[in-house]
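Contents: one structure, followed by commentary.
As written, the chains take the letters A, B, C, D, E and F, and residue 1 is the first residue of each chain.
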């Protein structure tokens, strides 16, 4: 388990492993949006929460694309399945590793981009909080999607297709938190709901993912 | 002896600190890596010289 | 050493993609013995091994195998291209609850020591394969299931590998090897899969799906 | 190697001198601007940094060309060495600019064309460095980044025009050039020149050091590889 | 050449080949944005052009992720490089195939999503035009990025990092066209510029891409 | 048949990852003959073949080969998993300017006819390999460069393949084969790469260009 975590992290920080690239993607999307939408700071401020969350979501999505696929191609997934470790654990650990490589950096980088998008100061804190709470859910759900599509060549896009709908609740509550924070309203409810989602997902989805992988392997 | 920076002292000092900080970081990294690589290379060459000396 | 078979297959029938390939297979492997599976390409060796390793369910018959009894080595080696040889091995050792020492030993055993810190990505075909086989040594599993282990190994390496297997058998292990070449293992009896080819259902074979046209 | 070795101490010394003098002068001994108040002092970091950020990329472009055409290894390594420096300067320009914007424009960041194009330049630096890091065969990496640098430069210019087309900004123009409008008085310009010189020399010095490092690193890599081969 | 085109298209329409998935991704992003940003039609209308273009851009990006990587993994790129066809041609054809699979459907689907984002009616036509003009450039530029990263495992994200900055001009002009269309201004200039970019890129970049591939193969 | 060599290598030296592997190689292959490259794992066979095929530049020496003279078959087969066997072949035939007829013929030749419409993805290891070799028949190139062609082929298929090569040679073609097993080709002379192992530069070996060159 620990070994698996370490290995995944090590692979991630190796050349071409894509550490920090999720971050870069996040950054770039946040830069592109104003280029498309236009520089009026009022508009930007209005859409900032939504854009930031969508960007974070896409960054996660893109980076977990091949979370299992690579292991499948080189056969290590077969071997892990026959190894004396529960496949559920494997899935959970891989999701965790992915979060550590993607979600965590995103959370820290978010405020800077908030500034770029003229996100009102009070909302900054809430942005960080909501991301810290929400990104783990993104990773776990994404791992499920990756597990479903592990067998397929070019599964990447199909996966995003499957996963994005699953992301909807997380996105809505996450963005809601930031929006309310910006307007100085109470954020208790969405916070609770978001936390609930993350907890539930982290507790249950790994089993589904493991099942999906087993099916894909035979 | 700091000149008084009027209303904007925070901005000015902050910008100076940040910039000099970044520069310092860059320089530190450069020197550090330089030293590390040089050391590694030297001991590697020493080893090779020994081997070729023996063989 | 005791002779309770480590692996027992009874009336086994396996299919791939809905096509029954082999049926009526019954055999058992006792400690210290190896079983070499022979058969033309596509007769179902890989499929059989996957079924025995529990990766896919047989369509008939039973497999008697201690849980965590078998180590499976497939066509693919399960190496991470960006990790060094030793890192790859250490990982598998850790997964199977063995320490790094075991990994180092295995590396030397397959004499890959010179490539210890080389990215798997930068190994030649045969070196990769040897590394993949070294993995078996860090599983600590009694039954080895090997799918064409000697692919792209040179003569020396084949001999080395045969040697490793011999030691494993001597240590009370067992091995199931699908291969086309002769390993020169005198502990090995050969099982030709030809006769067990699944007959089309009309003639009483196990039924699969309708793409019999190919099989 | 030898030439660089001889050059190095001088550049280092001069760079240090230039920076210290210029910045101290600028920071302590210049009057406040009547409009901008003390924030004008930021210019001594901002402008040179911005200038060098651009020039660093130009330098990389040239060295990449030299590598691609003449296959002169050192120049490729020089390009690699320059990238992080350019990135740092870009960040400094951005940061100081941001701090400047707060009092002047009342916002940390505005999607002003020059600012935006700088942000994009920053992205190009990031991509370039990432590619260097990602490829592990040195020559391949050099070639790829070289190609990227060429194409990137073209697109950087394109983007600059695109951005200007996209939004007319509030950022002041190059007032050092003989602009008709407000020219900074001599009081501000002298220290500015000095700091600029300082930044240039600093850049040269760093490039020299880093290039030497890269060369050593590469020799090291080669020797290790050979050792493994036995 | 023709054979290559047909083959790529056939692979694309095969199961898991990712035909229409770019489209789906486009759709989903356009759906997610309102969820994040909020339902006010005024805001949406204001940001519609930008969002649509950014979405289209990301859809392209995601789907060309592995345009060459797959061919590299299974060795066909080596064989194509030794085959009696110019590598530049190969690159161009592959970009073309990618466009036919991604950009083209996007263009047709755009109006629907425009409605969804309250894009004012007059802009609809311009949206289609701008996409039709711009997406080929996206494919070609993307092919260049893919060529640069072909050797690398997990090159996908690095590629997006390299490619997205290159997309900036296309994005700006494309979105600008739509915005001006929405406000009823003249769109001649951005149209001309966009067309210029597409033409230039299509004419020149394949050579750079081919060079990059040759470098990666040795 | 004429005996102007189809492939000439002179003073060839090849490197991989900046490390010289082989040097001082000089040989030529005339029509009708095959050259079998032997050597332990990792001695540089693959690298050599890639250099000869023009995929990577040699660090010294020259390769004399007609443009479009060689067909290269690597460790990987260049098959599209989602395309059927025949579609894969037809594609390569078209790329080399041959018609679908050629593809069908090649398929039968490697007796893959039963798998004509099976996705490559669903072929067994050996079947995949055979399909990859069938590709050679649709290139119409005189010089074949084969990297361990018989990997995971059963005995029958090896014989079949050797036969195909024999015919190709008889037709005035030539072949360069890196392999560890004996193909039983009597037209083949063997070249052992052992003696050509690159020496370290101290002892006068070729240097990996810039890397060690500078002081």
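Side notes on the structure shown:
Throughout what follows, a residue touches a chain if its C-beta (ideal position, glycine included) is under 8 Å from a C-beta of that chain, and two chains touch if they have at least 3 such contacts.
Predicted model, so just to flag it, every value in this text is computed and none were measured.
Within the contact network of the assembly, the step distance from chain A to chain B comes to 2.
Chains that touch both chain B and chain F are the following: D.
Here the two chains linked by the largest count of contacting C-beta pairs are A-E. The geometric centre of chain A is 45 Å away from that of chain F, both derived from CA atoms. Distance between chain centres (mean CA atoms), chain C to chain D: 57 Å.
Taking the mean of the C-alpha atoms as each chain's centre, chain E and chain F sit 37 Å apart.
We define each chain's centre as the mean of its Cα atoms; on that basis chain C and chain F are separated by 29 Å. Within chain B, no positions touching two or more other chains are listed.
Multi-chain contact residues, meaning those touching two or more other chains, occur in chain C at positions 75, 81-82. For chain A, the set of residues touching two or more other chains reads 15-17, 21, 24, 28, 34-35, 38, 73, 153. Chain contact summary for the complex, chain A toward chain C: residues 2-4, 7, 10-11, 14-17, 73-76, 78-85, 217-218.
Within the complex, the chain D residues that touch chain A are 98, 107-112, 116, 119-120, 123, 126, 130, 133-136, 163, 166-167. Interface of chain A with chain D (complex): residues 15-16, 21, 24, 27-28, 31, 34-35, 38-39, 41, 44, 115-116, 118.
If you check the complex, the residues on chain C that touch chain F are 16-17, 39-42, 46, 75, 122-127, 130, 148, 151-158, 180-181, 214.
Residues of chain A touching chain E in their complex: 15-18, 21-22, 24-25, 28-29, 32-38, 43, 46-47, 49-51, 53-54, 57-58, 62-63, 65-66, 70, 73, 152-158, 160-161, 164-165, 167-168, 171-172, 175, 179.
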